[in-house]
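Should a chain be cited, it is by its letter among A, B, C, D, E, F, G and H, assigned in written order, with residues numbered from 1 in that chain.
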Amino acid sequence: MNSVALLELLSAIKEGKITPEQGMHRLTHWPGEDIEFANIDHQRALRTGLPEVIYAAGKTDAQVVEIFSRMARQGGNVLATRATPTAAEAVCARVPGAVYNPLARTIALRQQQTPSAIGPLAILCAGTSDLPVAEEAVVTAELLGHSVVKIVDVGVAGLHRLLAQREKLATARAIIVCAGMEGALPTVVAGLVRAPVIAVPTSVGYGASFGGIAALLGMLNSCAPNVAVVNIDNGFGAACFAHAILSNPTS
Amino acid sequence: MNSVALLELLSAIKEGKITPEQGMHRLTHWPGEDIEFANIDHQRALRTGLPEVIYAAGKTDAQVVEIFSRMARQGGNVLATRATPTAAEAVCARVPGAVYNPLARTIALRQQQTPSAIGPLAILCAGTSDLPVAEEAVVTAELLGHSVVKIVDVGVAGLHRLLAQREKLATARAIIVCAGMEGALPTVVAGLVRAPVIAVPTSVGYGASFGGIAALLGMLNSCAPNVAVVNIDNGFGAACFAHAILSNPTS
Amino acid sequence: MNSVALLELLSAIKEGKITPEQGMHRLTHWPGEDIEFANIDHQRALRTGLPEVIYAAGKTDAQVVEIFSRMARQGGNVLATRATPTAAEAVCARVPGAVYNPLARTIALRQQQTPSAIGPLAILCAGTSDLPVAEEAVVTAELLGHSVVKIVDVGVAGLHRLLAQREKLATARAIIVCAGMEGALPTVVAGLVRAPVIAVPTSVGYGASFGGIAALLGMLNSCAPNVAVVNIDNGFGAACFAHAILSNPTS
Amino acid sequence: MNSVALLELLSAIKEGKITPEQGMHRLTHWPGEDIEFANIDHQRALRTGLPEVIYAAGKTDAQVVEIFSRMARQGGNVLATRATPTAAEAVCARVPGAVYNPLARTIALRQQQTPSAIGPLAILCAGTSDLPVAEEAVVTAELLGHSVVKIVDVGVAGLHRLLAQREKLATARAIIVCAGMEGALPTVVAGLVRAPVIAVPTSVGYGASFGGIAALLGMLNSCAPNVAVVNIDNGFGAACFAHAILSNPTS
Amino acid sequence: MNSVALLELLSAIKEGKITPEQGMHRLTHWPGEDIEFANIDHQRALRTGLPEVIYAAGKTDAQVVEIFSRMARQGGNVLATRATPTAAEAVCARVPGAVYNPLARTIALRQQQTPSAIGPLAILCAGTSDLPVAEEAVVTAELLGHSVVKIVDVGVAGLHRLLAQREKLATARAIIVCAGMEGALPTVVAGLVRAPVIAVPTSVGYGASFGGIAALLGMLNSCAPNVAVVNIDNGFGAACFAHAILSNPTS
Amino acid sequence: MNSVALLELLSAIKEGKITPEQGMHRLTHWPGEDIEFANIDHQRALRTGLPEVIYAAGKTDAQVVEIFSRMARQGGNVLATRATPTAAEAVCARVPGAVYNPLARTIALRQQQTPSAIGPLAILCAGTSDLPVAEEAVVTAELLGHSVVKIVDVGVAGLHRLLAQREKLATARAIIVCAGMEGALPTVVAGLVRAPVIAVPTSVGYGASFGGIAALLGMLNSCAPNVAVVNIDNGFGAACFAHAILSNPTS
Amino acid sequence: MNSVALLELLSAIKEGKITPEQGMHRLTHWPGEDIEFANIDHQRALRTGLPEVIYAAGKTDAQVVEIFSRMARQGGNVLATRATPTAAEAVCARVPGAVYNPLARTIALRQQQTPSAIGPLAILCAGTSDLPVAEEAVVTAELLGHSVVKIVDVGVAGLHRLLAQREKLATARAIIVCAGMEGALPTVVAGLVRAPVIAVPTSVGYGASFGGIAALLGMLNSCAPNVAVVNIDNGFGAACFAHAILSNPTS
Amino acid sequence: MNSVALLELLSAIKEGKITPEQGMHRLTHWPGEDIEFANIDHQRALRTGLPEVIYAAGKTDAQVVEIFSRMARQGGNVLATRATPTAAEAVCARVPGAVYNPLARTIALRQQQTPSAIGPLAILCAGTSDLPVAEEAVVTAELLGHSVVKIVDVGVAGLHRLLAQREKLATARAIIVCAGMEGALPTVVAGLVRAPVIAVPTSVGYGASFGGIAALLGMLNSCAPNVAVVNIDNGFGAACFAHAILSNPTS
């Protein structure tokens, strides 16, 4: 039951068409029933400021195509993450305007102009192997309307490369830092700036990196207090979190 | 070498008191030497927007008193976390105005008026056992100048308690959620709002909670994308991260 | 807003005292506001069939006494788990009729007659060291109105002791099995019966038992399909789950 | 030695055909020998109320076909889980009536009418990726004679979807909840109902989900007491456990 | 029902005192009922060759005294492991002849002469910190009747100390090796002998020894094939296992 | 330097052919140099009673063929474990008499008659999926000269199947038990016999079996004291350890 | 800004071409800007004594070829590790003089004569399966100019093989020891020498070796104090660390 | 048997006082018996260049005193680590010249002048909480004769503090870096120097630091190749390893 239906119901009570008792019965399951009737995706977008996204891993190509094209028909921006090349080819064949980024493994469709958000968002990665995760963050952030400054290959074993980027870092309103192996980059960056640093551990590494656990623990134990962490390889989530920071969430 | 000293040096070169070669020698280690001379704490506050904080765990009472009172003399706000009652008693006896919060285990000294930051910050905790962590966040955030809305005992096994707080959640610019055991509360909250949700796993629980690991993993795997995570029991860090979000980091 | 208040609101609309638009506004947050008004504890009992319980670990004696006595005043049965002897002494001094079980570490107050539930509930433990966990389950189950058959010291390294209890097992409607170390008892029991077996790993053991992890994993990997598992040492939860099975949840 | 054979033996003693001493010798290994002679599968079915099931993972197609068809000849219902498409094709070619469910990866043969069990069993899954596990539970439960209510895609990050299903949940006698990632859904569901909730962690997720460990821990630490847990991805076991609950185990 | 009772039953059938049907009924639960009648402790000793042992950890002093003295009255040898000094004092005050070994934390009572077992049993430990575990093995083995050769402080970082003991090792019929930290000693010993080597990881160490996990994993991964492992710190179990090897288990 | 050489050296000193100082110099590296002279493979067989074995995992087919055929030329028995079908085919083509066992993944060549060892060795496995590990143990034990009793599919969820084998178990001098999932079978077996039980956890299972960790922990925490454990899936090691038990290691 | 530019700046101030204030402004970001101007790879070589190396894992063949050939053009030595055969083929086709080592999975190009470093470097491995890791260390060390003594197959289960190499070990200035499974070899070696022992755990093993964790923990817990550890399978890092030891780092 | 005794034996043979056969008998167990007879500590010192050290953790005060004073009588330097204040008091009362360092928890006795080793050794720690571990390294290194440069409180979240120490770092021949929490400091340091960096993870931290695991993993995964790692909190081992580097191990 949406707003219109609710107003009709209350008016019908006023007009005596239904009794208060009948009205009460029909309102028993209101919040739920209303939602079933409404379009789930649109409501989520309104409520949280983020579009529905297709997590393509573990879905068949056909499923990805079906969901993507159905979402596309509703006119908003659409994003699929962790997409295989074959799924991407199939989606792009069906949905004009869909763009595949093989590095980020994303399929993006931009149908709406997003309002420009506040200040630039910086996205860093420690090494070239961390690029796919950073790129997933870049694609997501740009689809959400943010201007992104990308800084690549600034690992902590060669500090001069990072220090050379201090000016760019100082002007960012939020910073996403992707790093694998020992995962120290977010801490070092956070010590240089006032902005919130969103740390993304990556699964880059071998042996005792344990698929990103070493980086994850390093980031959680950061001695800099302006660091928070998302899941391993979760470039998409980092960008969404940055979006929640950069948009005015209460307006 | 601070700004004044640098300007004097350059003027001395201009006036021929020292040669350019001598000046060059003295500048070789400039950024480091300058820092050694300067007051470290003040610089950090300028650079990152956060005061130095005393992590009292593992320090003797005498050490805590010594560091706290030396910091207090510099005129800014001072915070000690994880303080024992005896350390707190000793600090309060020495430093007038220092306030001990036994639940949060913090000692706070407010000597400076902090500018009012943007919008309210909501701090939730799932159960009463999570209160000490939430309280550490509250004390820290208030010392940093934020107005805090505290919401207690809204665990996910009784959704109605949380849903009753929806309006407060909707007006918050950032939300800190502390939860132990299964750590599901940040995800449920994040599904209701547009604001960034900072999840703090707590060590509350027993058995397979493994001292907060269960909650930590639950939060890292949140299916809501506007969630980021800090270390277990790190209420202080969550508040600092919220401060980084709520202050304009580039101004 | 409870049922009475809702009916009044709808009647006021019918009578023209308030307009439908005004009514609509007041209904906006209905499910939540209604809940805030109601008595949380009683509602939970109605909704889930279980009383509120005080998890005393990590609470001060004063807090336990305060919560316990406030709950007791509402006339229902009250249970505190993981209670220390001093907390128990304080509660029993304040609340007449409260009974402390030092083995189970529970404080129970029986003020209401609970309806007799279906069939007997069997509660087993592998060794005498598992008794505290089993006893917590016994106290909880009896407070919930169940007749309990307790079977002690029937570890799998001496099968004859277990096989001698087959008749008792065969007549149980649900079976709780507490075991530490290798945690094999629930599997062996489940192979002998048709009833659901609720497995409770205990932290009994040393070395590679890792505080109950070995038993927990053993139970989760049970090759018998009528086994489900609760948290380590969670005798209380096992009894509540058995209660959910034995009561008719939909009546 | 089954009942008939035992009675014949005892009668032979009475009739003097064999001496008591001879009888005693033949009875020495009675429980074992009888079992060796008897049909193992049928006895298990009688004892535990569950049919033998083929866990096809790690078996060759030929082995699956051989075991399935030998079981089928005995006239009861047969179930294979974790079956590959090629194994399924081979079984269906050999055993008429066998049905392959590629989503659930099950092969089911229904040859017996199962008595209708009590009240409906609800089976939920948090996201579409959890469907294979939920479907394994559905197939198993239906083969065991239960009427199943299936509820899909009701993750906790969008509570309205779950709340809309409250009525269905309220009428279920037992509820199976499959969820990966943070695994919070069983807890939220359990807070809404009186029925026992059987939680199935799934291996859906990436990074710090660690193949289902995050969900498993979340469920074990549930703050709702009417939750018990089975192994990761064990939809089959959850359905068997529900069967043990819903059938009268002592009749 | 023991042998005598069984023969009486069968004779009664022959004599017509009871019908075969009545006999059949009485035999239904035979193996179990028989066992209930027997003396559990004695039967275990007969069946497995090992006396009942009291694992004193987690038991009150009073409980240890009670169990120990009741066992002592049956005339056999009695052993308590992990006993506290106060428990030991109480037992020794009550049971004449009981001997406390504070290093091994054992209380032993020798009332029976045990037959001399085959060949010597060597018990080694890597460092002096491993002595308590080795001593627990020594006390247990000697109570079981074995002659023990004890070799102390032969860690692998100083091979000469071990090589100097080669002759003693060569004459041992079984070897128990206790080691913490990296746990390499059992492997090195096993490479020098033909006898089975029972490896006991100890919790000696710090940091990444993780309470004995490092040693445990080292031993499980031994590149010598004549090594098997028991639980961390389980000197008692190692001695029992050696006893099973050295006694002729089938005689 | 062997005994003869040592005597010659000392005699040369007595006869003044070399000075004591020269003799002292030549003795400096004595224990090591002596070893260099011996044949490594043959020495190992003499020293430990076990032949060299090829662990084929991670070796190329060509490497396996080369090592196998070179060992075969020395006339003893040869064993390769974890061999792929293609490696096996290549070995069998080159070495007449080599036999491939695809279930056990072993290639065995019997060129020597091994003396009959004491008493039978029983090898059990809990389920049919554990068979490859059990079969590796069987092949190894038979090549080492032991008569093996194989008992299959006696999991603890159906105790009758195991109890039916009690007589075979009672006559075994040593017992190897392979089990995955919850790994409870060795404990139950050990409670029935006096013989040493060598527990082999297998990687059979899924989810929380963690590739055999659950079974491994279960076995290490066995409440039966006549159990020792080898590495996951290490059927070969279990057989070698049984060989060390069954042969007289000091003769 | 390099030294020349800095001197020019200071001279310009002296000459009055720019004011001290202008100079101060231009010096604000000096250390970073200077670095951006310099050649990063060459600077790293100067600073740390090690060439840039291509970690080829996770890079496409094309990327490896591109990076390798660009580095080669600068005239120094180039090394790629973890290279696939196809990447190696492509590199060797493009870069004359590049040499592929399939066992070590390295591609090395030697264009510069490296100065002979101090004393020999010994590189050991416990078994033949550890050879790839040892070989990676050998290739790296030789490219860095060291003379390497390689010692293979000296596992601790056959000490004589190791003891026979004592003289070689005694003359080494640094020792790298690669071992999987229980990882005990570095400890035993370290007990025989004065030189620093760099331990490299390898992922060789199965079951409870957990991909090298057992070896890693064993090495970290070494009871010999002259042992330090690098990441699992990190032969390259071990050689670089040995290089840092053997070169005079301050000259 | 030490060198003197050996020479006497050989001389006695030459002089005919004992026969070669008698000499041979006495030499049979030479390396071992000699060691048993000789002073173990002296031989170890010769072989590895390190004195015996008392690891006092887990030893009684009386044991520490006894071992310390017996070692002291032999005239060399003596070191006890992890000593409690009471043990230290007892040792200092008994052994004149013994010095207790309560921060490092060491007792050191300097009786011998150690030769000055090459170049300075730098010892850093990230925060003041890491000081005890760094101090243990300092005490050990100084007792071994090294000149130590100590650098405190240079965590990576404030890079300027570290960069200010670059000159000291550049002149060190080896560098020990102690850090807890995220453990990033060794990597950052290693990127600035050519010297080998010995990383010591400390147990400083809370929550997801897991007692030093986060720091340990961070260091093992260092992206700088001149880093090797010792056990958590092992300041003593780091100093010994530095000693092995700085002394010429082959002279």
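The definition used in the following text is that a residue touches a chain if its C-beta (ideal position, glycine included) is under 8 Å from a C-beta of that chain, and two chains touch if they have at least 3 such contacts.
These figures come from a predicted structure and were not determined experimentally.
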Checklist entry - Which of these, C-D, F-H or B-C, makes the same contacts as C-E in over half of the contact pairs? => result B-C
Checklist entry - Taking each chain's centre as its mean C-alpha position, how far apart are subunit C and subunit H in Å? => result 54
Checklist outcome for this item: So, in whole Å, the Cα centroid of subunit A is separated from that of subunit H by 50
Item to check | subunit A-subunit B separation of Cα centroids, rounded to whole Å | outcome: 26
Next on the checklist: As a quick test, compute the distance in whole Å between the mean CA positions of subunit A and subunit E.
Outcome noted: 59
Checklist entry - Mind pulling the subunit C residues that touch 2 or more other chains? => result 31, 158, 163, 190-192, 207-209, 213, 216, 220-222, 224, 231-232
Checklist outcome for this item: One finds touching chains in the pairs A-B, A-C, A-D, A-G, A-H, B-C, B-D, B-G, B-H, C-D, C-E, C-F, D-E, D-F, E-F, E-G, E-H, F-G, F-H, G-H
Item to check | subunit G contact footprint on subunit A (complex, rising order) | outcome: 128-129, 158, 160-161, 163-167, 204, 206-209
Item to check | subunit G-facing residues of subunit B, complex | outcome: 3, 6-7, 10-11, 13-14, 16, 19-21, 23-24, 27, 30-31
Checklist entry - If you look only at subunit D, which of its residues touch subunit F in the complex? => result 29, 31-33, 35-36, 40, 43-44, 55, 57-59, 201, 203, 211-213, 216, 231-234
Checklist outcome for this item: subunit B partner, complex, touching residues on subunit D are 126-127, 155-159, 163, 181-184, 187-188, 190-192, 205, 207-210, 213-215, 217-224
Checklist outcome for this item: Residue positions on subunit G within touch of subunit H in the complex are 47-50, 53, 119, 170-174, 190-198, 216, 220-222, 224-232, 236-238, 240-241, 243-245, 247-250
